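Labels A, B, C and D are assigned to the chains in the order they are written; within every chain, residues are numbered from 1.
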Amino acid sequence: MADIYTEKVKDHFFNPRNVGEIKDADGVGTVGNPTCGDVMTVYIKVKNDKIKDIKFKTYGCAAAIASSSIGTEIVKGKTLDEAMKLSRDDIANELGGLPAIKMHCSNLFSDAIRKAIKDYRKRIK
Amino acid sequence: MADIYTEKVKDHFFNPRNVGEIKDADGVGTVGNPTCGDVMTVYIKVKNDKIKDIKFKTYGCAAAIASSSIGTEIVKGKTLDEAMKLSRDDIANELGGLPAIKMHCSNLFSDAIRKAIKDYRKRIK
Amino acid sequence: MKRIYMDYSATTPVDKEVIDEMAPYFGKYFGNPSSIHSFGRDAYDAIEKSRSKIADILNADADEIIFTSGGTESDNLGIMGVAYLNKDKRKRKGNNIITSSIEHPAVLETCKYLEKQGFNIKYLPVDKYGLIRIEDLEEAISKDTFLITIMYANNEIGTIEPINEIGKIANKYDVLFHTDGVQAVCKTPIDVKKLNIDLLSISSHKIYGPKGVGALYIRKGVKIRSLTHGGGQEKGLRSSTYNTTGIVGLGKACELGKIRLKEDMSQLKYLRDELIKNTLKIELSYLNGHPIKRLVNNANFCFEAIEGESLNMMLDEKGIASATGSACSSKNLQASHVLTAIGLNPEKAHGSLRLTLGRENTERDIKYIDNVLPDVVENLRKLSPLWDR
Amino acid sequence: MKRIYMDYSATTPVDKEVIDEMAPYFGKYFGNPSSIHSFGRDAYDAIEKSRSKIADILNADADEIIFTSGGTESDNLGIMGVAYLNKDKRKRKGNNIITSSIEHPAVLETCKYLEKQGFNIKYLPVDKYGLIRIEDLEEAISKDTFLITIMYANNEIGTIEPINEIGKIANKYDVLFHTDGVQAVCKTPIDVKKLNIDLLSISSHKIYGPKGVGALYIRKGVKIRSLTHGGGQEKGLRSSTYNTTGIVGLGKACELGKIRLKEDMSQLKYLRDELIKNTLKIELSYLNGHPIKRLVNNANFCFEAIEGESLNMMLDEKGIASATGSACSSKNLQASHVLTAIGLNPEKAHGSLRLTLGRENTERDIKYIDNVLPDVVENLRKLSPLWDR
């Protein structure tokens, strides 16, 4: 098979950043479905409308794990509105590209972070 | 391709016996058709109802030439009746066998010698 | 870093002796076997010698073997060749083919194609070990059935099908029996006569021969139609200039396979059993396929809560070459049809790992894997939201 | 005895550099190119490199090349692949194919098969040199025509067809153009873009590459259907585990062919012209094919009153490997359809001799033949009742 993953994907897959859970998270988002082969949960701590801390857990292929890892890096410190706008293409671009067949994996993170932010906003209402 | 010819076929092809014409032949037989790729002419001298001398010319593949050559050897000295009885299988057997697709070549000689004998018998009538 | 290859069912390296045997046919005995001259005769003789060697490992006759470009072509030719001829002959025997639901795509996709062409295909289910049930087979047979095509041994989970019983049924109902022997050849003794096999597919690159060549055993008297058209080689069944080097390599591979069969089998079985024993110590890990009726070189596991492609990559990083039935590593994002057919839910199927052993594996390799695999699994589980222990 | 090989159009020895290039892929880089691990990646990279090299000699793009098992499969896939797709698509473009009457059996038999399947095939006649007439082609085209398949250069008599003009006509009438390039590749410069070629068949063993591998150029945007079913390699067009070694060999052969094209052509042309000049000194001997529009390595003669198989055998005895179009050396006892199509009567066709040159031939070989051939012809004529001089 082609070496389908960029060095950046491999770096984030083999050394994923921000792995784990936040016990007292302000928001949590879980997306995906084990039947389809990927599930991601993201935990956020929010301060001044900004993402102060973030952790994730992902079940899935290398693309899914790397997308999760880099996604957490991107949004950390960003405002919630900025994080809401993050697209799958942003993540794929940041990774130096993903194979066409794996593009759906980069959805995982953007969907999960949105869900976590919505969760947070619901809680503070 | 398989080495389709026996050593005996090759011997008779590379060193054919009794090649040539007999100017004052007692009988001559030509069979075959250039369109089909083989033509043979056989010349005989007859004495006491026996084939005293025989020569041939053949246009054709190795099997045709070898069949002609060994055929002349077989019938030389035989009575005309014996020669008339020579079958294509006799020739093929004497050559140690011929590939199936080449069996028709061994007909050439038996057909030609019969024609030459008939020619002789017509002439002496 | 030392690399450990444990993907012998995907393909094998070419045996040193096979390479040596092929070598002179590239530049020296390179003639076209159909040519009349001495260069052609040398090549022709090599091909016929190879044909005998292949026949030998199956207890077949040399003239029952024809050469192809690999297992896929052999499967296609065996199945479509019979099907189309059957179609031509005024539907002499109906239009029903019976196969299993765990065939290799070379068989399965061929059957699906024939289905679109109007043939009626019955896909037998398998039990949790991957075995078809003989009762199912017998029940599926009707007077319209002209062909059974069921693999000898499965490429993913290693299960060996009840070939002897299938052959008997085929014989009893006078139905042709094709079997995809690609994974079984040289890993288990095969006797096509005893087993009533009419057609059997072989692939060279699975048995330490070169890639790009295979063979199809066709029992004397069984008629098939060719799929390609051309110069009429192989009694008109497979046109194209003979791949002499490849054929010589396949022949040598079979010769070696026959000589080494016993030794290979006991060595592989020993290593495989060690590997299975070690691996099943990992929490929530399972063996896929039959515990005993399985290829001597096949180990296939599921690990709960992790995904196979990630596992393959992590192992690759540690120098271990492995495979998986996970959807993520397939072209169509579908989990393996084999793992699904034995009843695994997609989640479990995603977490599968196939390790297939070969002649070059040693006990040290098994030990190395035992050192590495539990940690890799644990690390991936730490990452997994599905793992909550 | 020194042996002289003059049957390079039947097959070629594998070039030493090609053998060296392939060598590490048997035992070292043996992985399955579809595998995810490092063994698979090494093989994958080699295959893609090879694809580019093949594309390079045609002025095509790498993704326009797919790999097959040889020229026959490429021809079958190119022609039937287009035909069946055309059939499926509600006969979008009628059902007429135009070909020539001097195609290789890989094309001719495929067309005859399609004819039986209901396609309408027009077989263009050729002139006495073996050239199709462009007027005939244009006349044969109807709105039902969807494919022209005419060979680039003929394997028996070496005639090079007017590919440029054919491409223009194909373009003008919006008809696909497939050409069997098996004999032309690496013997004449080819530019598929300039020549408006949509599909082109290549065979490795005719260009100093290994046997059992070939390629099909498919212009971007041209759709075809696969003939075999399986794992879905080559965008689903050609299933089966990649023949990495073979593919690497074909790639290297193309690379070398490109580098050496000019030199090869001038050397071969020089030797061929000597050979022709010498041989035509023999009484009642004729050159078949076009005097100028012919492959640089092809010489094809007729000698009156002798038969070709005998001639081949006599030359073989003298160490010279040659070929013939005589019926006696064919499986069906029919004289070559090519020689018949250029108007030779069967008698003349039986007396044909093909000498095809290659990289290893030297002037000494040409001299040796000049020493031997006249005597051999004379000896056979002395045996022949058709020779009365």
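Everything that follows uses one rule, which is that a residue touches a chain if its C-beta (ideal position, glycine included) is under 8 Å from a C-beta of that chain, and two chains touch if they have at least 3 such contacts.
Bear in mind that the values here come from a model prediction, so they are computed numbers and not experimental data.
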Greatest separation from chain A - chain, by CA centre: B
Separation of chain A from chain D, taking each centre as the mean of its C-alpha atoms, in whole Å: 56
Distance from chain D to chain C - Cα centre to Cα centre, in angstrom: 34
Distance from the mean Cα position of chain D to that of chain B, given in whole angstrom: 40
Junction residues of chain B - those touching two or more other chains: none
Multi-partner residues of chain D (each touching 2 or more other chains): 34-36, 40, 309, 313, 329, 331
Touching pairs - complete list by chain label: A-C, A-D, B-C, B-D, C-D
Chain D residues touching chain B - in the complex, by the definition given at the top: 305-307, 309-310, 313-314, 317, 326-329, 331, 333, 335, 345-347, 350, 382-387
Partner chain D, residues of chain B touching it in the complex: 13-14, 16, 19, 30, 34-41, 57-65, 101
Chain C-facing residues of chain D, complex: 3, 5, 7, 10-14, 16, 19, 26-28, 30-32, 34-40, 69-73, 75-76, 104-106, 109-110, 112-113, 203, 205, 210-213, 227-232, 239-246, 309, 312-313, 315-316, 320-324, 329, 331
Chain A partner contacts - residues on chain D that touch it in the complex: 33-36, 40-41, 44-45, 48
Of chain A, residues touching chain D in the complex: 1-3
